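Both complexes shown next keep chain A, but they swap its partner, so chain B is in the first and chain C is in the second.
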Partner chain A sequence: MSSPDFIRKFEWKGWVLPLVLLLAWTVWTNVHPSLLFPTPQKTVAAFQEYSSTGAIWHFIGTSLRRFSYGFLLGCVAGFLAGAALGSSIWLERFFLPNIQAFRQVPLVGWVPLLVLWFGLGDSPRVVLIAMGAFFPVLLNTWAGFRNVPRNYREVGAAFGLTRLQTLRRIVLPASLPWVRSGTILSLTFSWTILVASEILTETNGGLSDLLDLGRERFRLELVNVAIILLGGIGFLMNFGLERVWSIGRLRWLSQNIHNQSKRGQTT
Partner chain B sequence: MTATAIQLTAAAGFDRTASRTGSDIPAESSAKELRTGSGLPEAVREPEWRVSIKGLTKIFQGEAGEVVALNDIDLDIKVGEFVSLLGASGCGKTTLLRIIGGLERSFRGEALLDGARIAGPGRDRGFVFQDHRLLPWLTVEENVGFGLSHLKRKERSEIVGDHLDLVGLRSFARSYPSQLSGGMAQRASIARALATDPEILLLDEPLGALDALTRMHMQDELERIWKAKAGLTVVMVTHDVDEALYLSDRIVVLSPRPGTIRRIVDVPLARPRPRESYDFNRLKKILLEDFELSHKEIQPEFAI
Partner chain C sequence: MRKWSSYHDIGTLQDKGESMKKWALLLLPPFAVQIAVLALWYWLAAREVFPPTILVSPGAVLQLVADIWGTGELQEHLGWSLRRVAEGFSLGASAGFLLGLLVGVSPRLERWIGPSLDVFKQVPVFAWAPALIVILGIDEASKIAFIAIACFYPLLQNTRQGVRGVQRKHLEVAQVYGLSRWKTVQRVVLPSSLPPILAGIRQSLALAWMAVVGAELLGAESGVGFFMVFSRMLFQMDGVLAGILLVGVVGIVINGFLSLAEWILVPWAKEIAS
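Here is the complex of A and B:
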């Protein structure tokens, strides 16, 4: 591969809708000026104002730091727990029903407790974000381990693999498509939890400070900046994560998806 | 050999001298030597039967009670022999192959490999499934080397390279299975089974999923591979009479419910076998009669 897929196959169609919306936004707000609906120009100006002082980069840095700690922690813990439940029917029977019950508690409901337990620093937020990533990764990993095709296990058996070898050489790789989906799902989920955790706890410093500032000073263009940044960063992270899942040894994951969609089109 | 085996050789006047080994020496060890052209000690150590099955019965516990998949099977397979298990679906041919492969472990009777009880799968047997079952997360070369993880990297890549050459897939070494055609995937699967240097190759309808032309081409490939691997015994499950006739030294015809050996047919035709020859079709007719497909006897009621 000389250049990556996403550069060679530039797909413009996805950009049409955003551009149309941007145009409509510009026209509408300039024709009907309103404090409740700032123009794109004011939004860009607000961004410049806050980025020139460096404040915005500080907000982004703080939020990303919290997020990445929480997300990585949640993914690793979720994968380990899911792998354990997926490879032991005993553990599954003991813990899975409880996990299903536990995760029905809306995560933000834990905020008061977490603040009391972990103090006012970043820790309660990181824990909450980790919890957001934990459950999707856990359940997907578990399902992946449980759904390893019998046929693949039999290949292992035909070559006389031990239980541990089967786990490492058959079950683990075969479950990777599920783990991948788990992490991609939980990325979005955790990103949402990040904003909720920042709004719901005091002493901030993250991106939701922009939301607060905008509301307090009635400068909705700041809210616009925050929303666009949150969406844009989330999108880029999602894109990045999908790329991470397709490099080197993981190339087969995205290759299979491409082939399946190709087959889908022809039949 | 069993009493049901039919000796067509004399009756049909087949040319025995043009058999695979280019010789009419009947002893198995001699045949092996001629094919390998290598030393004697190995040939002396070879047991008479690679596979020996006696009074084998396999019963599956189904929802509707017991299903007798195989009933009192006796079968001996010689070293270096190419044997086909031929029958309609449900005759237990795959079960029999899986028992030899060690994938089915509970059965009554005796199943021996080189004189020892078959207790489970092992590297001495290579198994090729009907669906190629290449692991999608491994490249073709990694799949072929799957059973060689105990070897050092250099040694492994040498063996893998040799086997990729054997099946003509060297240029696809770095490809993933999803990038291969059906025939190529099945060839890679055969290479994987052979890479551990098994004494016996077990093929479970290996060409069943391929189209007719690819299939005939792959039959030639199978024959070539079998010849290239000295002393290799092959047991192939198939429901294709032509395929069995084209490739086998002996054909074991199984009949269903319960799975029993109807008869064992020797195929002493010279290789490569012309599919349109008189002898080929004569044997084919005999085999088809077993499946009541040869249109030989026309029922008077229907002969209007």
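Here is the complex of A and C:
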């Protein structure tokens, strides 16, 4: 969920196991050459092969484009829906139980349907990624709106704020910690969904092309490259999103804990 | 002042009529939405607003479910999927739980291997699938390994954090009573980290169910996911929708069982369960 501690606070012990694993990988695969476990050198060579032609940047760009459309769409829709459910007890009564049930359908189960509905272009993938981002943001925004401390509202009432002013000055700032954890959960989850959406649909062009190529041509070094890139980009985006939530006043607002026991509850 | 909580105070109401009203408010509105959606779906299908490859009527979907139930096809596919989930979950979840417990209990282990665990977590689960298929073959082994990987992290993470979050004073009480390390884990650490562990099990199973459907969509000769992908290739919309219905119902049932388990085992941890 959050970036590993050893980035924030350098700890040499954390680096030992990865280095040992890397060493073991290098030694083992060089001593026992096998198609199933390519050497690190081959992996680096495969990366150079694809990056020199620029193919890899194209893969990354395509995947990131799909992801960012889907993620932004899902976050905005999730925030609006969560805010609506959080502001109106009637909307909550009508829709929340249904949303909770709907969420239990595993997302990849929608893939065949979305492909039939939206064809084989990018749209079924973007929709799927957006669905992945939608639910965590919705539920966390809703929880944030519901958990605004009562005395905050009372102060607002004492100052005679209108509904809109209460929303802008009190409810929105107070629910930001939840919105923040919603977006962070969403990011991780929809990045997973991006990969699922790419390998489960035929025409592609994204990073999962490397996974497919590796499997079809029996070149597992390509799979290695893809795994490392997918993990690395996911990590960087996580880090970036936490940075975004730390800009200026957002830092204080989004990390100010109003009710610790209930914070960041919804997964 | 406006009332903000709608569910939590049902049990505390004294007046019977008032409580009936509460239950009605809880159950009727969502039901109304479901009826409305179904009615809209019926209407759209009956008027043939969309071609039958895009939308079929709910009646046709239910008819198909009844048909494949009659031929035993449904039970067979569902059985395969559930078996894979059971095998993969028992592997991945137990590994995640044990490792989470070890890393949570020992700060030293946490310092050495914690960061590596965090790094591996960043790789999206589905990225492992092609490598698993090449190494373990397209048959059962790769699917089970895939599901196990999907189950591993939620339980690892929840157990780890749950164990680390055990209150200091509880550990001190154990120390005062002179409990051994193992006894402390058994009597203090496990019971107090049960809520996050159960939440982890619930997340693991939800992911396992998604992973099995994904693995079967990717390449299989049985299972609910296979049934869906097969229907899609034949452009049989009723099959696809029946598959989603099945997958969704099983997901809801799994989640329901675990909520019930949480409610019975750790009734004090309502807000964590959400």
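Points to keep in mind about this one:
Definition applied: the second predicted complex is superposed on the first by the 234 of 267 C-alpha atoms of A that agree within 3 Å, B and C clash if a C-alpha of one lies under 4 Å from a C-alpha of the other, contacts with A are read in each partner's own complex, and residues count from 1 in each chain.
As a working rule, a residue touches a chain if its C-beta (ideal position, glycine included) is under 8 Å from a C-beta of that chain, and two chains touch if they have at least 3 such contacts.
From a predicted model like this one, the values you see are computed outputs, not experimental measurements.
More residues of chain A lie in contact with C than with the other chain of the pair chain B and chain C. Contact with neither chain B nor chain C is seen for A:Ile60 once the two complexes are overlaid on the shared chain. After overlaying the two complexes on the shared chain, residue contacts for A:Val111 are found with chain C alone; chain B is out of touch. Once the two complexes are overlaid on the shared chain, A:Gly160 sits against chain B while remaining clear of chain C. After overlaying the two complexes on the shared chain, residue contacts for A:Trp252 are found with chain B alone; chain C is out of touch. In the superposition on chain A, contact of A:Val76 is made with neither chain B nor chain C. No residue of chain A touches both chain B in one complex and chain C in the other. Against chain C, the residues of chain A that register as touching in their complex are 1, 4-6, 11, 13-18, 21, 36, 89-90, 92-98, 101-102, 104-113, 115-117, 139, 143, 146, 150, 191-192, 194-196, 199-200, 208, 211-212, 214-215, 218, 220, 223, 226-227, 230-232, 234-235, 238, 261-262, 265-267.
Against chain A, the residues of chain C that register as touching in their complex are 1-6, 25-26, 29-30, 32-34, 53-54, 111-116, 118-120, 122-131, 133-135, 157, 199, 203, 206, 209-210, 213-214, 217-218, 225, 228-229, 231-232, 235, 237, 240-241, 243-244, 247-248, 251-252, 254-255, 271-272, 274. Listing the residues of chain A that touch chain B in their complex gives 151-152, 154-155, 157-160, 169-170, 173-174, 176, 249, 251-253, 255-256, 259. Residue ranges of chain B in contact with chain A, taken from their complex: 101, 103, 120-123, 125, 127, 129, 131, 133, 135-138, 146-147, 149, 176, 178-179, 196.
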